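Report on the structure given below.
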Amino acid sequence: MAFRMQFLSDNAASVHPRVWAAMQAADAADSPYDTDRLSAELDDRFAEVFQREVAVLWVATGTAANCLALSALVPPHGGVVCHREAHIEMDECGAPGFYLAGAKLLLADGDHAKLDPAGIARVLDAIRPDVHQVQPFAISLTQASEYGCCYAPGELARIDMLAGPRGLKLHMDGARFANAVVNIGRPAAEVAGPVDVLSFGFVKNGAMNAEAIVFFDPSLADMVRYRRKRAGHLQSKGRFLAAQILAMLDGDTWLHNAAAANAAAHAIASGAGERLLHPVEANEVFLACTVEERAALRSQGFGFYDWGPDAARFVASWDTRAEHAELLGQAIAGL
Amino acid sequence: MAFRMQFLSDNAASVHPRVWAAMQAADAADSPYDTDRLSAELDDRFAEVFQREVAVLWVATGTAANCLALSALVPPHGGVVCHREAHIEMDECGAPGFYLAGAKLLLADGDHAKLDPAGIARVLDAIRPDVHQVQPFAISLTQASEYGCCYAPGELARIDMLAGPRGLKLHMDGARFANAVVNIGRPAAEVAGPVDVLSFGFVKNGAMNAEAIVFFDPSLADMVRYRRKRAGHLQSKGRFLAAQILAMLDGDTWLHNAAAANAAAHAIASGAGERLLHPVEANEVFLACTVEERAALRSQGFGFYDWGPDAARFVASWDTRAEHAELLGQAIAGL
Amino acid sequence: MAFRMQFLSDNAASVHPRVWAAMQAADAADSPYDTDRLSAELDDRFAEVFQREVAVLWVATGTAANCLALSALVPPHGGVVCHREAHIEMDECGAPGFYLAGAKLLLADGDHAKLDPAGIARVLDAIRPDVHQVQPFAISLTQASEYGCCYAPGELARIDMLAGPRGLKLHMDGARFANAVVNIGRPAAEVAGPVDVLSFGFVKNGAMNAEAIVFFDPSLADMVRYRRKRAGHLQSKGRFLAAQILAMLDGDTWLHNAAAANAAAHAIASGAGERLLHPVEANEVFLACTVEERAALRSQGFGFYDWGPDAARFVASWDTRAEHAELLGQAIAGL
Amino acid sequence: MAFRMQFLSDNAASVHPRVWAAMQAADAADSPYDTDRLSAELDDRFAEVFQREVAVLWVATGTAANCLALSALVPPHGGVVCHREAHIEMDECGAPGFYLAGAKLLLADGDHAKLDPAGIARVLDAIRPDVHQVQPFAISLTQASEYGCCYAPGELARIDMLAGPRGLKLHMDGARFANAVVNIGRPAAEVAGPVDVLSFGFVKNGAMNAEAIVFFDPSLADMVRYRRKRAGHLQSKGRFLAAQILAMLDGDTWLHNAAAANAAAHAIASGAGERLLHPVEANEVFLACTVEERAALRSQGFGFYDWGPDAARFVASWDTRAEHAELLGQAIAGL
């Protein structure tokens, strides 16, 4: 059944016209494999975004971005602390185990799918520092989280205060990093905070199939260049991925798109009241919702996922039509 | 230095207009992640190509196609016989070791980078059938080979006669499968011969970033669906990859493009005479060529790779201009 | 501080005289690498124990036994259901991730560190049958469990009724299998129940460094022969491992030793009353115990591990002196 | 067929009486898992042998020693240069691929199964320094080599001069290190030369199942402690492995045993003349030998391996009886 108004996921949203234009412009380029001019621009362009030196690699998917990023931080015998509901744990079919050669995810709890120092400490403190247990090497945060919630700069700083003394590196899964930047309203550097490597997502925000891995320690990128190739993620026509990313950065398209998606989410949630299960801090809305209520919404033409037996998830995209979001908001208010 | 007439590689060739059109048409589609309508068409479309039931998965690169294909045939403790100069051995940065969890490539010799029964048998016969040595599980052939040479159907049959009784599966790296089909002039099914899984390349032949893994035993595809996701190769907007492949199949674009590239290679080689190091059976030309001769060609505006100290490689693409190929052919004849 | 009476672990217990004698007898043997006469006897000897055909491989440690066993049941992209406190999850430093090439442990709850159908079903039912989540291929049980508790034959049958229809294989970590057999008082075949592969432990029960992997489907053993070698676990003087195991089977030494250890555990627990945290069904006793009480016991010469802030673990071995166990039982009763 | 006088392999030789005595003495020890007193002595004892600070870990097999050693030097995306006939390439069933998560062996040629700078350079110089090819991280040497030949200190120094500037680490497979030390007649430190990690073999030289991994950079040992556990190679009764090694070091047993084996090899080779295929610099003798000649020797009661169609391998052990070696030498001379 096709719904007239889709809020299933931002995953499958359409591609932004600027991205299309940039890809077509890239076609003409004289571009040898892996040394094309567009890919070479990425470091400088992201250095502007983050106001510091970075090294940047493109890959086609968020799973590859996350796992290649982590492969620079965690040895095969190590562990990564992440939230129990993190994408790397729940939705990547064991990709971290594959990319990290059997390294282990160490699962922490925390509200709204966000890690907090207490939850992290509980995991870390339970690990005996002996060879019988996997020792942690990194913490992976998701900004915005699986429930569309953001880490404020102060929250990131407190996690860093825990991680630093223990020698733990920080990774950020930023599949919806743009939505977090818009929501927090601070420069990207503050929204990334103290992380060592960021998976900077574009696919959910208007790109076709390009994500950026941003290394704040540029020396880490070199090994990942090899690991990217080894994982079959080095595309010979990589100029098309670079073009997508550059187009998203041009004119702050990434921020405009995320702002539109966030605004749509707020419109959806506007009349949700007590139903709201998590604060709306990005482009996702989670609501308590009975089976009958969900059927009622669907009968009005709204497509969305059930989220367990008593809830529903609504995701807005950069291309969600504002009037659809408003209609959905009204329908929810009227349940 | 940019050359006016490029023969460096087919890797970075432009994208065919039909492919662009199909991708843009795909943008409008209502396409949930991994269950889009275009991807669902692949099995049937390739069944027509091969005149038998197949299961087909897209991935973005040839390395991923090869390694995911092999992961369905070879366990971690197994080995794969391949040519000493095969792409999986020489140019994938150890990707088979990664995807196959440490399985081993068993290197055979053969003229023109092609395996032959004698070369394969030498490798197999040297393996003691005890637990101290890695045992073979599959043979990987490249059609056309790294030197642009093709396996005739009879050659494939003879290799199969060796493989079958030993229980070895067959994989074909078909990064230039289209060029082989055109060269051999037989149906695709005969050019693939008895292989179990085929990496069917499109990127070198007019696509942007889509290759097909064709499973002639459809049951093998199911595990690879998981391994593809686990490797970060399941794209959420996979409809764009499916669209590329379908466009290449439409109206036999894949064959027309390959025919153009092969013709250009023949034009290049037309006056090469004794210089020719390998028969031209696809879109690549390898020539004996001194340093001075190579400089002379470059000074005339031709770009190409050195191939060791005394040779050069020229690769034609689907979009190579016929007059450039002819000019190059004349320049070579005039050396 | 060395304690006069040790109840720390059965891990480091002494080697049984019969085992010593058998090892020394093995020294004389004319024994080529991996085809020695003693190793060749294992299949038949275990066939007697289990009253059915089996294939048996020795390895030096329980971790290797568990992980090699699982490697025959679970592909790299698969998952293994086990208890949250299972040894493979808690005490093997990520060995399953290493041996299974990144496969995932799927953690279930259950009283006394035992799995039960409800706990397993909760894990299985939460897994979406799509490529984004790791799918289960096996269940691993520990007999006796980490808390020294046993699965009755009926409990195993009920788990099998859950596993069979879902195509899941069963592995049993039998590091303390002998203790379970003695406790349950049924033939070994019933205590192993419907499992496909059993890690049959001897090290904690009087051997030096030999465990047996028992394949109830003998065809599974062949791949593990290669994987054992590949993991560096094929010892060239494997006759000494086979000798240990055969000595333990001779005259039911394994049962006599386990009976002694179990009896000592019962003596320890005899006056524990309400302190007892888990039923004593093998050779381990877990007691609620304050810091002061533990200090009091230690001051009387008893060595043991704290088990969290409010509990203590006491483990009896085959060589625990009965009077030490009785003294400890009295000391506990007198707390 | 059992032969009266065995020269098949040193792998399955008997255990030295001192080793037996030490193991039995260890049984009494109060020895918690992995922190036993004997294991703790290893660092100091090997520091005496090598006259410098080292960290030492025991494992049960040479394959585990080699692969764990290499795992400290080579990342999953890296390569190891070794001889085409090295044990890690030929006889470990792909263990390096398993332990190094898919890293690649880069095969070099050299006389007598020894690497030399020219052969190494040929391999290194052929590797393009781009992401498409596996880059080298280490060189692995075998001392004495698979053909029983030794690297003189000067040869090691020349290899180090090649390795150092390229940032390559050095590993030595010393399965027959004792034989090399005896042959070269220089202190162990010179025979190990500039290597970073040494697999110091004892099993072929009188131990039962204990080898030492000697880290000349002690900081490397820490990660290997975890990897050893993760590989199932941490034995709970590790005191028995430590005891074996300490017994072999006591009173220079390792040197006396190796001297006996080397002397026996020289006796075997004494009348071999032109038949000798490799210089006898350890305890192995390789001879050109027809089928008929081999049959003749076997009919006289000598057991040994064919080495291809036209050669035979004879291996002496620490416990080879001198008169047997002399008889064999005479029989060979009389062929």
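Each chain carries a letter (A, B, C and D) given by its place in the written order, and its residues are counted from 1.
Assume a contact is a pair of C-beta atoms (placed from the backbone, for glycine too) under 8 Å apart; a residue touches a chain by one contact, two chains touch by 3 or more.
Only a predicted model underlies this, so the values are computations on that prediction, with no experimental measurement involved.
Farthest chain from subunit B (centres taken as the mean of C-alpha atoms): C.
Taking C-D and B-C together, the pair of chains sharing more C-beta contacts is C-D.
Note: centroid distance subunit B to subunit C, computed from Cα atoms, is 50 Å.
For the pair subunit A and subunit C, the distance between mean C-alpha positions equals 42 Å. Centre-to-centre spacing of subunit C and subunit D amounts to 34 Å, using the average Cα coordinate of each chain.
Residue positions of subunit B with contacts to 2 or more other chains are 76-77, 92-94, 98, 101-102, 131-132, 226, 229-230, 234. By the touch rule above, subunit A contacts subunit D in their complex via residues 34, 75-77, 101-102, 130-132, 135, 223, 225-230, 234. Residues 76-77, 79, 90-94, 96-98, 100-104, 131-134 of subunit B are the ones that touch subunit D when the two sit in their complex. Across the complex, subunit C is touched by residues 2, 6, 8-9, 11-12, 14-15, 20, 24, 27-28, 30-33, 36, 59-65, 67-68, 92-95, 98-99, 203-204, 208-209, 226, 229-237, 239-241 of subunit D.
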